[in-house]
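Lettered A, B, C and D in written order, each chain numbered from 1.
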Amino acid sequence: MNWEQLLLVSILLSSLIPGIIIFGLPEERHRLRTILNLCGAVVKISLIVIMDIGIYLGHTFEIRMPLIPGVELLLNGDPLSALFATLSSVLWLLTTIYAVGYLEDSPNRSHFFGYFSLCVTVTIGIALAGNLVTFLLFYEMLTLTTYPLVIHRGTDKSLRAGRNYLIYAFSGGAVFLIAVIWLQNVVGPVDFSATGFSPGFTDSHGTVLALIFVLLILGIGVKAALVPLHGWLPQAMVAPAPVSALLHAVAVVKAGAFGIVRIVLDVYGAQNLLLLGVLPLLGGIATITILYGSLRALQQDNLKRLLAFSTISQVSYIALGMSLVDQPLAVIGGLVHLVHQGLMKITLFFCAGNLAETLGIHHISKMNGVARRMPLTMAAFTIGALGMIGIPPTVGFVSKWYLGLGSLAAGNWWLLGILAISSLLNGCYFLPILIRAWFGKQQESWPEELYVGRFETRLMLLLPPLITAFTVMAAGAVANAQISPLAWVRFIVREYGL
Amino acid sequence: MITTLLYSMTGLILFGMGLFTLIVHSHPLRKILAVNVMSTGVFLILIATAYTPLGQGEVDPVPHAMVLTGIVVSVSVTALALILACRVQETSNLDLLKKKTVPETAKESTT
Amino acid sequence: MIAADLQTVAYASILALVAGTPLIFAACSCTPFQKRVVRFLPLATVPALLAPFTVPVDMVVEVPWFFMGGRMGLDQTGRIFLSLSALIWFLASFSSRRILKNDTGQRQFHVFFLTAMTGNFGLILASGMLGYYLFFALMSFAAYGLVVHKATDNALQAGRIYLTLVMIGEVALFTALILLVHNTGGLAIEDIAGISYQPLTLILLFIGFGVKIGALPLHGWMTSAYQETPIPAAAVLAGAMVNAGILGWLRFLPLGQTSCPTAAVLFIAVGAVAALYGVIIGLKCRQAGAVLGASSISQMGLITVIFGLGLFDHKAGFHAAPVLMVYVVHHSLAKSSLFFGYDLVERQGKILSHLQIAAILLPALGLAGLPFTSGAIAKTAFKDLTATLGNPWYGLGTFFLPLTATTTTMLMLHFIRILKYGTGTGNPAGKRESGTIFTVSVIATGAILWLWPASRDSAILSLAGMTLLQSLWPVTAGFLLYLVWSPIFSAKKGLPDDHKKQTLFDLILETVARILKGIEWPQSRQDVLFTHLYRIVPQLRRSEKIMGRWKVIGISYLALCLCLLFLLL
Amino acid sequence: MIFLNVDNPSWMITPIIVPLTAGLLCFLFQRKTFAIALSAVLVNLLAACFLIGQLLTCGPMRYSMGGWQAPLGITLRTDGPAVLMLLMTGVTGFAITLYARGYFSFRIDDPGGTDRHQQQQRYFWPLWLLLLAGLNGLFLSNDIFNLYITLEIIGISAASLAALSGKPAARLASFRYLLSSLLGSLTFLLGIVFLYKSCGLLDLDLLRNLTENGPGVRAALALMSVGLLLKTALVPMHFWLPPAHANALAPVSAILSALVIKGSFYLLFRLWFEVFASSITTEALNVMGGLGAGAILWGAIQAMRQHRLKLMVAYSTVSQLGYLFVAFPLSRAADNAQVWSIVIFMAMAHACAKSAMFMSAGTIFLHFGHDRIQDLTGVRASLPITVLAYGIAGVTLMGLPPSGAFIAKWLLLSWALASCQWWWVLVIIAGSAMAMIYVFRVISRFIVIPEGFSSQKLEFHSRLLEWPALALALISLLLGLVAPWLLHILAKGSIDLTQILPGGLP
């Protein structure tokens, strides 16, 4: 085992081991638990950064483990996985800090943080998966590890949400499994590679491969919350805020979107997909999802529910970018949105959690004038929301810009219109919130003011959204710098030779 | 040949009768007896296979060995079945000799 | 070599400071030192005031890491715009630091004020398309904070209309930029020169910047926003930020390099209608700010016409560009002077003295083109332009221009009338300072066009006797007409309030919401499904019981035996 | 010393003799029974490992008991599937033994306990060891009549074990179990009679070599299959299984569900795919597959509606068995070794997972005094490891990666798709989905701790109750990762006949 392989394994172990230890810790030892969590997160980030550098310098990170003929587990660090792994690990650190603050004094924290760590381990596993079987393995485990988090509150509502989540996720998983097996039957074992499988198969098995592609997208679309497979996501917002943040920005939905990227870029490859002619389908679904999510978000009064619908809409940008896979600019837009959406959405969820945890505000109609009570939180929220709309210099603009250029380059004028409409709709549901919060008059006292102290809320709750909001601005403002999500995505696209 | 066939057919008929009783009658004791009749039927066929007309060669010893073993098994199984039936009767207050159906609710003790 | 490098670095840092200083001030106002920061508020504009005179023209500094490739520089146009804007911001920042002294939302106001300033300076410096868009958005959204600052219902309503239109403008601009970049392949503004525009791009550019200048279908925000914004902020809104729209057009449809007759007709038509329509709106208004807003719609209409004239071909563009600049300078200074005057009135809280009325009349009638004012110079330049372009545009100068002068005169008289009978709140804190600012701005309005080399020809031309006469009669006509309108207006008590209008966009949003309510599904549909499923549970139990009966077992046993025998034999 | 050689085939009697002897000893001494049982089970496990080693070094072996050669004598043999089944039994049996120890001492130490518990323990060990001997015999035996004997031994001891709890329901269930088991073995015996009548052979290797199978042999196969199906509890003959498994003591349930069922299935599979492979028709395979599909769906549907934990687990056994039969019709798309690999993976994963599940259910029953699912909220707070074990085992039942069941399902789906028999795909997926529902219906109760929930503090914790279950669950989950190794063992095919019988067929 060389150092590259050791690094891959230790990346996975750096959160797995703390997770397992935390399960065994008694409830009272919160200090040790916090230290373990944070150490794990920091170690993971450092290891992943080392891997990033290694990948940039051209090292190969690969572990193979054959199971049965044609089925092997393969962990592989390529630029794309580095992107997702870095995002997840960084956001995990912030979410952990946030969760420690959020769950202060609440019961069952060992359990919660244990699953939290497992969940991130699995997410990193998804990032590092080097073929469809490994991806599937971690993909299914992700459902298992997030389920206890979704039902953490234990109310009937959360149980129902959990039930629906499971039904959706496993149905998707089953379809995905069938598709993966079928694909293997047709083209043999496929590792993720820059070109996808050999184009010869497309000539001989065109219809079947197109059908398999549809099945793959359907299967993965459940997690990516593509309409009409999105039903679980708005319900799952009954989970505690850090979990929602995790679901929406770090792990589940993101894993789905990442899966679409993998399927499009690495399994099929641009060449094959163009020959098969299935890309308009993906583009169509993405478009419908973008519009539908925004339209439903317009109706919501519950803040987290609104954010959930907004996620549905935003994540589809990634799928949209992938549907224009032959256009490097669109691919850049889609890929970079993977990071950008995560940053923005996690900010918004942190802020929503702060409002709920500090003042007991869950509904937009109760938010009048809240910015005067919690200016920093709302400032972060504002940045996140403006990012969602796509106002420069936030990162949201960068994604939309590339997507727009890409869709034009592909000659799809109407996609530009969709982007414009989506921006408008985003404005329609985010701007009223901002107006309420900043300029609205507070009518009565807050529903339940839970925290009174030096800062507007607990420091551990306040810092993560501020950091992410700052990143949303900064990553946009220095988008063209040597080290930025955009730069890395350009590197990826270069690697793919697009 | 006829002899073999005769024994075999008798064995099969015994097996069938046993099976019929096992299925149709619900009384535990009858069921145990039915199983015994069935095994007797099988043994009969088995013995019949060993039959060789006089002077036409040696008698095949294997079926005999098998039947002997089978009888031993059958006896022990019957003993166990009887014990179990008695225990069932003890706890469910059924009279073994009276014809009364065994309640089938045991499967679901609680709902 | 090193010296040259050093020089470049120095210029670059000056340029960065122009936009950076207000931003730093904004950041500082978020800290506890806010009070001290506010005292030095005008300092934020100092780099912008100095930059036009220190940084060489047409220098471009590349900042590759910044926001997808930043470029900034100061060309001739930018220089004029920057000096103009810096002056107005400078005056307004004096004013605003005093007026808001006792205001509770002071911090919020200053953050928005300074951010808008950053945006305004930044967009002038930007010489990349994305940079322009970035600062333009920054300015537009920050200005929203200024509009709704009073947080009254009226202010919020005005803000809502403003924000809706800004959103539409932003999206249109975004789309237009993507189309442009797709066409040109580069992100620098110079790349635009000489490309052929698609009709869609033209329309989107018109919408994107038209919102800012209140071009005709997008004018809805102007009257109410000008009224509700605190007056110093309104002064920059009307004097400086509006120009961002013009500059946007100049940047993205460069005059002298674009020839696009269709667009020209569009611009001219829209501008001409707006020039008159603005006055009609304004004459019905009852509040000074709203009247000024309406006047802006009208004046910007004229500027749109000038711009449209320049779009015909390259030659027209070359002629139109300087005229446009003259007109912009004139309008900005005059309009901000009017706002500063309005500010003074508000602070005084009582009726103006005759001297003050005379002082306000100078920029007011200047807008109408009274001889010896900056307006006369600007209009002369306009007329000159139409003369150069020949038929059919000559008519614009001879007929249309006097018409607008007449109507503008009416509007301005209406404004002064409202001021005179209006009741200011009275805020003696900044009264003296306010007076100073007003004086400075009036002097600037009166003097700058006379001193400015670029407008010297027109200035001399405007002094010719014929021209004097030509520019005098419309004013007189307007004066007389207003004498007629004034009693009618006083009689009309029941005119609708300026704010209670429902915009088209509200209607659309409401309709969408209503439609969406219709398609909302019941939350419990999954639960309904499950209840149906639970209904078969007893049947399941029964069938399992049946399968446990010995008879059934026997039958299935026999069936299986027979089946296998049959299949295997 | 020759006896101790590694390549001596007579080693293979160890897994039969040792448990048998230990069972007798337990029965005779009644003291230190756990020590005896534990050592026997340990030896059994070691022997299984040894036999695997032997198989890997020396290839398949044959051993004639008492020196009597086939066709007259009784032979044993080792090959890939057999040793893997031995290993499965060894591992599961070892864990179950430990668990049983914990289980009985918990009940005996319970202040409210009675002599009854002591007595149960006394009978449990000998019966369990006898059962183990029978199972090992079944896996190793190469003589069809001997197989019948082992089946009967298994049947008798299993029925007695099932009755051990002494509850009326358990006794009745056990009686039904015994009767159906008898019906099954008699049918099997009738099949043997037909077989012997047609060809006069009992040795499996010799039977396999028959060039032509007459109608007698085919009829015999049909009868034997029906008998074994009855013992395997394939739908629609599963009636005896859920009550028997659910009402037994927890370790007994684990044994019955994990091992006993596998025994008869293993035999059936051997008959169909090795011995009489040439006489199998596609229609017959399809019928078996259809029954398997029915089992998957029916078992899962019934499991979903259960209110009691153990009954639910028992029905899930009915469902999981179906997967083994769905492999039948797909075998045409693959060669024999691959079909074996499906069955072995499925059986091993299911054995470990199901016993872990029953153990967990038993532990919960012990601590809470009931197993009503709806009243089991928040069990995690008191029994975290048990719940974890249950959850992991559930993951295996659902066939999620990297469990052994996943590998099996992967292969099943792969062949189903390759041979365009998509209906099996639908069935398999539907079965997994329903497994998800019935597993998570329980897990969500277990792990949720609603607000204001006060967990019962349990004074007494037995590690033996919790850890064996977790270990088995983990094995079942990680089985997929050692798949190459298992495949390697499995690849050591059966013996070349010319080697055994230099004289040719009699």
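Rule of thumb we're sticking to: a residue touches a chain if its C-beta (ideal position, glycine included) is under 8 Å from a C-beta of that chain, and two chains touch if they have at least 3 such contacts.
Please read all numbers here as calculations on a predicted model, not as lab measurements.
Undergrad: Is the C-beta contact count larger for C-D or for A-C?
TA: A-C
Undergrad: With centres defined from CA atoms, tell me which chain sits nearest the overall protein centre.
TA: Chain A is the most central one.
Undergrad: Report back the single chain whose CA centre is most distant from the CA centre of subunit D.
TA: Result for the farthest chain: C.
Undergrad: Round to the nearest whole Å and give the separation of the Cα centres of subunit C and subunit D.
TA: Centre-to-centre distance between subunit C and subunit D: 79 Å.
Undergrad: From the mean C-alpha coordinate of subunit A to that of subunit B, what's the distance rounded to whole Å?
TA: The answer is 66 Å.
Undergrad: Please compute the C-alpha centroid of subunit A, do the same for subunit C, then give the distance between them in whole Å.
TA: So the centre of subunit A lies 37 Å away from the centre of subunit C.
Undergrad: Measure off the straight-line distance from the CA centroid of subunit B to the CA centroid of subunit C, and report it in whole Å.
TA: Going by mean C-alpha positions, subunit B sits 100 Å from subunit C.
Undergrad: Check each residue of subunit B and list the ones that touch at least two other chains.
TA: Within subunit B, residues 19, 22, 107-108 contact more than one other chain.
Undergrad: Give me the residues of subunit D that touch two or more other chains.
TA: Only 183 qualify.
Undergrad: Could you please write down every pair of chains that are in touch?
TA: Applying the touch rule to all chain pairs gives A-C, A-D, B-C, B-D, C-D.
Undergrad: Touching residues of subunit C toward subunit A in the complex: what are they?
TA: 64-70, 108, 130, 133-134, 137-138, 141, 145, 148, 151, 156, 159-160, 163, 167-168, 170-172, 174-175, 178-179, 181-182, 509, 512-513, 516-517, 520, 526-527
Undergrad: Can you tell me which positions in subunit D touch subunit A when the two form their complex?
TA: For this pair, the touching residues of subunit D are 341, 380, 384, 388, 395, 398, 400-402, 407, 409-411, 413-414, 417-418, 425, 429, 432-433, 436-437, 440, 444, 447-451, 453, 480-481, 483-484, 487.
Undergrad: Any idea which subunit D residues touch subunit C in the complex?
TA: My answer: residues 180, 183, 187, 215, 218-219, 221-223, 225-226, 229-230, 236-239, 279-281, 283-284, 287, 301-302, 305.
Undergrad: Which subunit C residues qualify as touching subunit D in the complex?
TA: Residues in contact with subunit D: 537, 540-541, 544, 547-548, 552-553, 556-557, 560-561, 563-565, 567-569.
Undergrad: Quick one: which bits of subunit A touch subunit C in the complex? Just the residue numbers, please.
TA: Residues 160, 164, 231, 295-296, 298-299, 386, 389-393, 397-398, 400-401, 404-405, 408-409, 416-417, 419-420, 423-424, 427-428, 431, 435, 438-439, 441, 476-482, 486 of subunit A touch subunit C in their complex.
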